[in-house]
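Next, two complexes with chain A in common: one pairs it with chain B, the other with chain C.
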Partner chain A sequence: MTHQTHSYHMVNPSPWPLTGALSAFLMTSGLIMWFHFNSLILLALSLLTNTLTMYQWWRDIVRESTFQGHHTPTVQKGLRYGMILFILSEALFFMGFFWAFYHSSLAPTPELGGSWPPTGIHPLNPLEVPLLNTSVLLASGVSITWAHHSLMEGNRKHTLQALLITIMLGLYFTLLQASEYYETSFTISDGIYGSTFFVATGFHGLHVIIGSTFLIVCFMRQLTFHFTSNHHFGFEAAAWYWHFVDVVWLFLYISIYWWGS
Partner chain B sequence: MSSLFPLIEGSARMWKTLTYFVALPGVGVSTLNVFLKHHGEEERPEFITYPHLRIRSKPFPWGDGNHTLFHNPHVNSLPIGHEDE
Partner chain C sequence: MLRSLLALRQIAQRTISTASRRQFENKVPEKQKLFQEDNGIPVHLKGGIADALLYRATMILTVGGTAYSMYQLAVASFPKKQG
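And now, the complex of A and B:
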């Protein structure tokens, strides 16, 4: 009995789960050292080890799947469940911040002037850059769908073109948001308005950066012929994540930028 | 490859059309909208030391501890007033 008689992937022993856990511990300790003892060394080390873990772990997954063929339909199904559950956990993460926002804004305290936005806060005009940001992300949702259909129809050139457009739109959003962050008259230290605004939009922006990175990886993999027209789960996972990021933005725009102004 | 036989459902073609004729022009129009509105927004609101704003419970772990991460001297004031006045 020298071959497996089931369709699952029994992964070889790997050091990356351990290095990942260690880097996470280093990160939390590093933040404490930074906040309380003015030392950046642990944090810097944690960012390095975390990045190295992610790179090597995902590189190994690509090797096991694209190059060694371990990703049977059964394995892929498990990965689909996994990605869906992960995105669900992220949705719940964001719901917490929306809860905080609505808790504070539906019944503004006297300390804030009894109003929302609080007295002295000049919110951004939702019909300017925030609206542009909305159109950018919605457009990227269309272009990534074009990319997916092109991939399924075996059109290599169009897949690359559409993916590139999606990535550029993601980068455009990030630049626009960064510029907005610099130009707003209010800051994170401006009471509960500042806290809810910057934490919610800040985590969203981080997810845009993560999603864009995922898309760039897909672009590079498509360049090097990793995907086939009917097996490209990495791309699908990136697309799901990207749509999720878009949906979170829509909720942010409607709640914080529009209703909250 | 796609020129050798006709597209099976043609759905990629529809999304391509949507991308170039709806999505990207929408971004273009919104960009123009921002660009046009941006002229004439130079005065900044009068500074009042509200206790519920510009909170400093603990210094920030960077710089002099008194500036937020995206501090813009032109539009952001410090707890005691604008820096550039």
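And now, the complex of A and C:
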């Protein structure tokens, strides 16, 4: 039997890049069918196949690392670079929406009444639910740090408790934000205010849901003894992502909710 | 050699904690044995028959869906004339 003489991971051929690419194609075609022909079947199919691809791809990575031992320090270093670059790309994604917000709010046009918030728009009070949301996410940043330290110290029970608290806080944020969306007196089609508000906070909310899902996966992996006290990169990646989501919210709160009111 | 040393270290670190509830047994060593079996099966199918079924379903849905979207594109490309 031959053995590799390097510390990199040569993966088995996998069908998931293909199914992932096809599901992305189905997603774009599905959106067209929905927008122009009032048919939801392709879009629904795309969401299903995308979910199936993600589940099986990441399941395979868990198998390759935890069960097959392929994640050497070299491989882990690559994964760290990858996650950092991904989060950086997401930061740039959000910067675009912040640019749009500041472009319109720093020099409000006559059509808006020359003011920001525009005439007729009643923004949410930043000292009510938005402030609570801020404290919820900040607290979740503390609890996830507690979880990490517990994990590094080999304290299984505390790791699970702290992770659970983090997840609950994330879910609480999502529920609060959903109720706020219901309560606003303005909608996404209420001019540039509505557009910038709902697109920026909407994408943030989506990232909170993605981050919460990642944390739930980590919780299940911790339950089933996947993580060790010094090798748990999946958890670290989830924690980095979660802190990123928290920081984006802080920028949203300061810019759109506070300064923008 | 290095890889098996690393795996051994991880197994030793993953022993069941003596404290707290017995609800979850550490099944990682069993999984490690299953997925390290030298049978040439690729990782996406190595878990058993459920893997094969899920793979088949995913492939059928994605390829079938792509064919369906091509059909819809053809239909949309030749709109019916009104009146």
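Definition applied: the second predicted complex is superposed on the first by the 260 of 261 C-alpha atoms of A that agree within 3 Å, B and C clash if a C-alpha of one lies under 4 Å from a C-alpha of the other, contacts with A are read in each partner's own complex, and residues count from 1 in each chain.
Throughout what follows, contacts are C-beta pairs under 8 Å (C-beta built on N, C-alpha and C of every residue); 3 or more make two chains touch, one makes a residue touch a chain.
Please read these numbers as outputs of a predicted model, since none were measured by experiment.
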item: When chain B and chain C are modelled together on chain A, clash or fit; value: fit
item: Cα-centre angle that chain B and chain C span when viewed from chain A, reported as a multiple of 10 degrees; value: 130
item: First (chain B), second (chain C), both or neither touched by A:120; value: first
item: Which superposed partner A:69 touches (first chain B, second chain C, both, neither); value: second
item: Which of chain B and chain C A:46 touches, first, second, both or neither; value: second
item: Contacts of A:191 with chain B and chain C, given as first, second, both or neither; value: first
item: Chain B versus chain C as contact partner of A:156, first or second or both or neither; value: both
item: Minimum distance between Cα atoms of chain B and chain C in the superposition (Å); value: 6
item: Chain C-contacting residues of chain A that also contact chain B; value: 154, 156
item: Residue numbers on chain A that touch chain C, as the complex places them; value: 1, 7, 11-16, 18-19, 22-23, 25-26, 29-30, 33, 36-37, 39, 42, 45-46, 48-49, 52-53, 56, 60, 63-64, 66-70, 72, 154, 156-157, 223-226, 228-231
item: Contact footprint of chain B on chain A as seen in their complex; value: 34-35, 38, 111-113, 118-122, 125, 127-129, 131-132, 134-136, 138-140, 142-143, 145-146, 149-150, 152-156, 158, 162, 165, 169, 172, 181-191, 194
item: Chain C - residues contacting chain A, complex; value: 2-4, 6-7, 10, 13-14, 16-17, 19-20, 24, 26-28, 31-32, 34-36, 38, 42-44, 46-47, 54-55, 57-59, 61-63, 65-66, 68-69, 72-73, 76
item: Complex contacts: residues of chain B adjacent to chain A; value: 1-2, 7-9, 11-12, 15-16, 18-19, 22-24, 26-27, 29-31, 33-34, 37-38, 44-45, 48, 50-56, 61, 68-72, 75-76
